[in-house]
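Here is the structure we will look at.
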Amino acid sequence: MKWKHSFLITLLLAFMLVLAACSGDGSATTNEDEPENNSSETEENDSTDEGDAAAEDDGEEQVLIFARGGDSESLDPGSTTDGESSRITRQVLESLLEFDDESFEVKPSLAHDWEVSDDGLTYTFYLEEGVTFHDGTDFNAEAVKVNFERWSDPEHEFSFADDGYVYSMYGTMFGGYKGDEGHVIDEINVVNDYEIEFVLNKPLGFFLQNMAMTYFAITSPAALEEYGPEINENPVGTGPFQFVDWSKDDAITLEKFEDYRIDGLPKLDRVVFEVIPDNAARLIALRSGEIDIMDGLNPDDAAGVESEDGLVLHTRAENNFGYVGFNAQKPPLDQVEVRQAINHAIDRQAIADALYAGYANPAKNPLPPSYMGYNDEVEGYEYDIDKAKELLAEAGYEDGLEIELWTMPVARPYMPDPETVAEIVQSNLSDIGIDVSIVREEWAPYLEKTLQGEQEMFMLGWSGTNGDPDYFLSSLLHGDNVGSSNRTFYENDEVDELLDQAKVSVDQDERAELYKQAQELISQDSPMVTLVHSTPVLATTDAVVNYVPHPSTSESLAEVELQ
Amino acid sequence: MSEEILNINELHTHFFTDNGEIPAVDGVSISVNKGEVVGIVGESGCGKSVTSLSIMQLVPSPPGKIVSGSIEFKGENLVRSSKKRMKQIRGNEISMIFQEPMTSLDPLFTIGNQLREAIRLHQNVSKKEAIRKSIEMLKLVGIPRAEEVIDEYPHQLSGGMRQRVMIAIAMACDPEILIADEPTTALDVTIQAQILDLMKRLNEEKETAIVLITHDLGVVAEICDRVVVMYAGQVVEEGTTREILKDPQHPYSKGLIRSLPKIHERDQKLYSIPGTVPKPKMGMVGCRFKDRCEFAYDRCFEENPALYSIEGNRRSRCFLSDDPEKVVTENAEANIGS
Amino acid sequence: MQKPILEVNGLKKYFDIKGGIFGRSVGSVKAVDDVSFTVQEGEILGIVGESGCGKSTTGKSILRLIEPTEGEVKFEDKDITQLSGEDMRKLRRNMQIIFQDPYASLNPRHTVEKIISEPLLIHGMTDAKERKDRVKELLEVVGLSGYHASRYPHQFSGGQRQRIGIARALANNPKLIICDEPVSALDVSVQSQILNLMEKLRDQFNLTYVFIAHDLSVVKHISDRVGVMYLGRMVELTEKDKLYDDPKHPYTKALLSAVPLPDPDIEKDRVILEGDVPSPSNPPTGCAFHTRCPLAMDICKEVRPQFEEIEDNHFVACHLYDETAQ
Amino acid sequence: MFAYTTRRLLMLIPVLIGMTLITFSIVHLIPGNPAQVILGETATATAIEDLEESMGLNEPYFVQYSIYITDLLQGDLGTSLRSKTAISTEIWPYVAATFELTIFAMLFAVIVGVNAGIISAWKQNSWFDFLAMLFALIGVSMPVFWLALMEQWVFAQQLDWFPSSGRQNNRDPMQPITHFYVLDSLIHLDFARTITNLKHLVLPSIALGTIPMAIIARMTRSSMLEVMKSDYIRTVRAKGSGQFLVIYKHALKNALIPVLTVIGLQTGVLLGGAILTETIFSWPGIGRYVYEAINYRDYPVIQSGILVIAFIFVMINLIVDLLYKYIDPRIKY
């Protein structure tokens, strides 16, 4: 008879489960203040029990849930290049400067003012007074110095190099580390508690841009002392929100920092960054009101979101570009006519329309249009098959040629479907008699081999970080970077000269002019087919106000509130 | 002694398979009196097991189905009985034991559990009382260490012991009829002797009628009062054990007995019936045995022989016994059929 | 009598029982425990006994289908337990076996032709035409027809399948056939056909059979001499008439009396044995039968009786006939 | 029983050694330099070299392996390259999340599957049987991600009965104790939260449990049909027992033996399928943990994660073996 009983128990269990599901729903409905109202507008109102609790408790806690596709790597901003990490640290920690809401224009943050010496070698920052870190320690010049030394000096007590900490963004942005040849920061002098001086050994045109990056945000020295290498799970800064809890691959919870230096901010009581890996599932969660903001909307869904009541579509300014690169040192691509011919043969608009649902603009320069020094006068390469054929004939390939195209194995925001792009390129080029064979490689070997120049044509893209043109143009096209980040093997001394000058100049107008010239030359030499600048789209519920997406992907939520 | 408690009349049990309708039991009539031991003899496929399962209404369905005929148990037609009524009858008034003691007990439950189950299904007794009764039954069927055996599992017992357990289960509610389907076929001869001895004893002590299904004429000789010989779904001969074994009338019965090697006779050439048993199928014409029969003549190929009465309760389904003076049975059957 | 074709001396087969945490051998099942007998050429030796007595294991050990644990098996004076695999394979054409369940021993996916010609091929008949003719011939010998060759086993009745099994065994003109319960799965009317066939074939091809069965009537019918086994041991062995008319061992007596006879006139003095056959993994000490023997003496519990010739050609292992014991 | 259990446990040792060897080897067969992947397309060559060295990737494989095994024996699963945290401390919430989901998915699969199988076998060839087996067929061939998305669309977006993702209401999170959230909420005596947490489990459990459910249903049905033909079932019927007793006492217990094997194996399959389900329902379980680690080439995490999954699988099969012994008295060593 034992088995008869166990069967009954299992049936009972099943019944209980069903009951649990139903009664849970029921009790939630009774909790609501206006049940009739709710039932009448189920679609518009975010009507889960959870959603309601937050949305309707206007007078009480304001909890915002921000959902994204992946978890953060580290909450120690300097030790990571991960965008999902800086999204969080942007709320918890602050840098000396910050970017403007919608552009890469720098503006004061922890430093309310700054001065640059005429030779461009000394930067003096005047710090906000009376600011405290979340752990109660005071923010001052010494704290800034400790942070910068921590990044630059692997021997520093808070460097945690033995625990695998590498501050790669620092190395990239400041030319290396303490003792390296290219390292630009010579010394950091604490003038007084609220005044700090950076002395450079050579000018760096984008030094101020760097200071606004989320990667160089200031952590409480006391917290570095307290947490040691575990600082990556216990960020302590001066930002509007303080860190509460991190449940890995699930949610990071932040709460309002009551003593935030700006009165009245932040407006939210709590922010939860939730991970929902699947784009479709994330949109469902948004529609059912479980979350308030979702990053990473599929461009295909954008139109639907835009027309849907209760949801708001947002776009970020373009901060990237996707391209098809040429190995400019490998025949036949060493002939500029061939490169130009291919440039004319590729239909950028078709790619933008097919793959980005229109949320992308054809690119004529590597630099995104919102950037300083963007050269709008560059003509770009029209989609013109006859011209392409002509050029090809000039180069001596009137009978066509065969070429390999390496396609990216992973999707990136600037290249959501590399395989299809490769196929479009293949078909475009066949129109002018070029027979393209597509090569597929795993991601890591892809990166390694393209660095070594094994490719003929390849696909890749670039996303901006500090909003400076140098980050795009030098990294990708400076002759010195051949073998590291310059995979086109493009070397033009004139361009190198212009880029070097722009890098050390501190006069931003001058820099802009230099970059414009460089773009002109680059366009003529055609080392790459710049395809599109993609416009990332995201969505929020209409309860979210004052949310402004920033092109860098990290924006402060201090001003955001829920209605 | 002559009180009839079971009367199978013109039973047709057919199997509906992909290869068509198979009349496994094709018009069988058998009666059993109180306290009597009736043997049903035949070779594999002759329908003897299906007949016994039909009595219990346990023919696997689908594909099997009782198509027509009646099975009257003390005047109650079991073919028409409700499922509920059958549950009351099974194991209580009519019990059954099977050929394979090795597989006939549920391997996952103790002997005691399975025996107790049989008791409590039909008797409103406490668990404790059921256990007491179980031990008593095990002792009755001659199982040593009965108190321990009730806590053992079937695989811990030998085949002979398991068959005793099966008998104990079958006899637990003092049934009026015990149907034993080849109860000793899987057992060794020394164990077979024990089991037959036990069955005979129970038959005498409890006056339980036994329907013994077997292919072994030796076993029949051992305990049966009366024998029914079946061939290809039909009864071909019926009579007392002595009559059948000593003076078989039907050529099949004769052949069967002659083809047995005899232990106490000196070297003889073994008789063998030529050919093989035909598979039953619908619409067979003529005697089922005609192809193997040395006496077969034209009539055997054209007509279906009836079960001719010879004398007393003796009957044989053979035209050789069709004595025009004794057509009574044939007519009687015709009457039933109409 | 001529020279013995098969001589079995002290044959033993123990199966290990694994147990304990490490699965070591914790004991053994003494399936065959010191069995000796001889078989003359052209003779049929019957071996009877109840299930688990080791008669089947004995049969398979003779062919080394099961490797014997100990003892020797001499076939035509050659100890085959010492032969290499290759020599053994060659010798197998002279020694064949027929199994109880003809269906289980025939590959259901092969035609009868393939089944029967396989041993021919193994033993060197490479010519396909020759094989085909031989298969036809064999089928006719066992009472089937040549056209049966293209059919599959499931298309045959039990008796016919056993005929196929016999045809396969006969393929290479063996001298000795071990028949392991060849008729026990068959109906009575078919059983007699097969028995008659086997007798006929014996005469026709001068075969020697070791006929293993549990049915005493069948064994009596076909055998020249009969050995009785109990719990892995041979307890009695003699000519069949002697055995059936004048059994010496109490077990043989009980066995014979237990056989139900299809003759209501024979009044028997039945000996019904108590209890079951003990487990061969833990056989009783002394005489294995003493636990059930109605005539057991004290010595039976302790000393294992010798298998001795107490009369001319009548071997018994029982202390009742042991002069020193009495 | 004790000897049997001990013996089964001892037999695990070589299995576990083999497991570590295989996971280690497989992980090193993943193409690509981890340092390169970690740093991405913007990395410089020197940065990659530095990272390689700090990760110990320069050592030969067998040296890496022997270090790995030595650490493992001391309960040290290594340190995650990504989070720079000891895996042994980091991994538990993931394991608990997967366990919780697996348990509920298997509960669903077993309860529904076994009962559907029983009823199908009982009413063989009835409309129920037909429908149940049709659903089982669909269930077996249904892609998990599609089912999951459909569930979300219907039950979360349209009907709004269940939440579409996550383990709990993140607007109001709970302090985890065991990381089994349902259990934790019970420990907190917060029953409203228990209901919420159970609601979060419903959709992923069904998505994950559907394939095993369908397979179990089919297996139970065929096993039941087999058992129903057996001699001992005929005996039970001959005793005069009703259908319920026949089916739920005798037939089910016997039929369950092969079904148990399937349940054991399916739990393994389910662990594999968890990656998809966990991704779509954003369930932070071990599958996600390993998946993310693979993207990052976080070797220590991949190794440990796979090892843990394999270990769970081995454990489940151990439990199944022990259950056999419990159900079936015939099983010896």
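We just call them A, B, C and D in the order they show up, numbering each chain from 1.
As a working rule, contacts are C-beta pairs under 8 Å (C-beta built on N, C-alpha and C of every residue); 3 or more make two chains touch, one makes a residue touch a chain.
In this text, all values refer to a predicted model and were calculated from it rather than measured experimentally.
Participant: I need the chain pair with the most C-beta contacts, please.
Facilitator: A-D
Participant: Which one of the chains is closest to the middle, using the mean of its C-alpha atoms?
Facilitator: D
Participant: For chain A versus chain B, what separation do you get between their C-alpha means, in angstrom?
Facilitator: Here the centre of chain B sits 87 Å away from the centre of chain A.
Participant: Distance-wise, how many Å sit between the C-alpha centres of chain A and chain C, to the nearest whole number?
Facilitator: Roughly 85 Å, centre to centre.
Participant: In whole angstrom, how far does the Cα centroid of chain A sit from the Cα centroid of chain D?
Facilitator: For chain A versus chain D, the centre distance works out to 35 Å.
Participant: Based only on mean CA positions, could you tell me how far chain B sits from chain D in angstrom?
Facilitator: 53
Participant: Scan chain A for residues touching two or more other chains and write them down.
Facilitator: none
Participant: Residues of chain D that touch two or more other chains: which are they?
Facilitator: Residues 245, 253 of chain D each touch two or more of the other chains.
Participant: Hey, which residues of chain B end up touching chain D in the complex?
Facilitator: 56, 58, 60, 62, 86-92, 95-96, 98, 100, 103-109, 117-118, 121-122, 153, 155, 166, 169-170
Participant: Which residues of chain C touch chain B in the complex?
Facilitator: Residues 50-51, 157, 159-160, 187-193, 195-196, 214, 216-218, 220-222, 241, 244, 254-266, 270, 272-273, 275-277.
Participant: Flag every residue of chain D that touches chain B in the complex, lowest number first.
Facilitator: 125, 229-242, 245, 250, 253-254, 327-330
Participant: Hey, which residues of chain A end up touching chain D in the complex?
Facilitator: The touching residues are 1, 3-4, 7, 10-11, 13-14, 17, 20-21, 23-25, 27, 42, 47-50, 53-54, 63, 65, 70-71, 73-74, 81, 161, 163-166, 168, 171-172, 229-230, 232-233, 245, 247-251, 253, 270, 272, 274-278, 280-282, 284-285, 287-288, 290, 442-445, 447-448, 451, 460, 462, 475, 483-485.
Participant: Okay, in this complex, where on chain D does chain A touch?
Facilitator: The touching residues are 31-34, 36-37, 39-45, 47, 50-51, 54-55, 79, 81-85, 90, 93-94, 107, 110-112, 115, 145, 148-149, 152-153, 156-157, 160-167, 169-173, 176, 192, 194-196, 198-199, 202, 244-245, 248-249, 252-253, 279-282, 284, 288-289, 292, 296-297.
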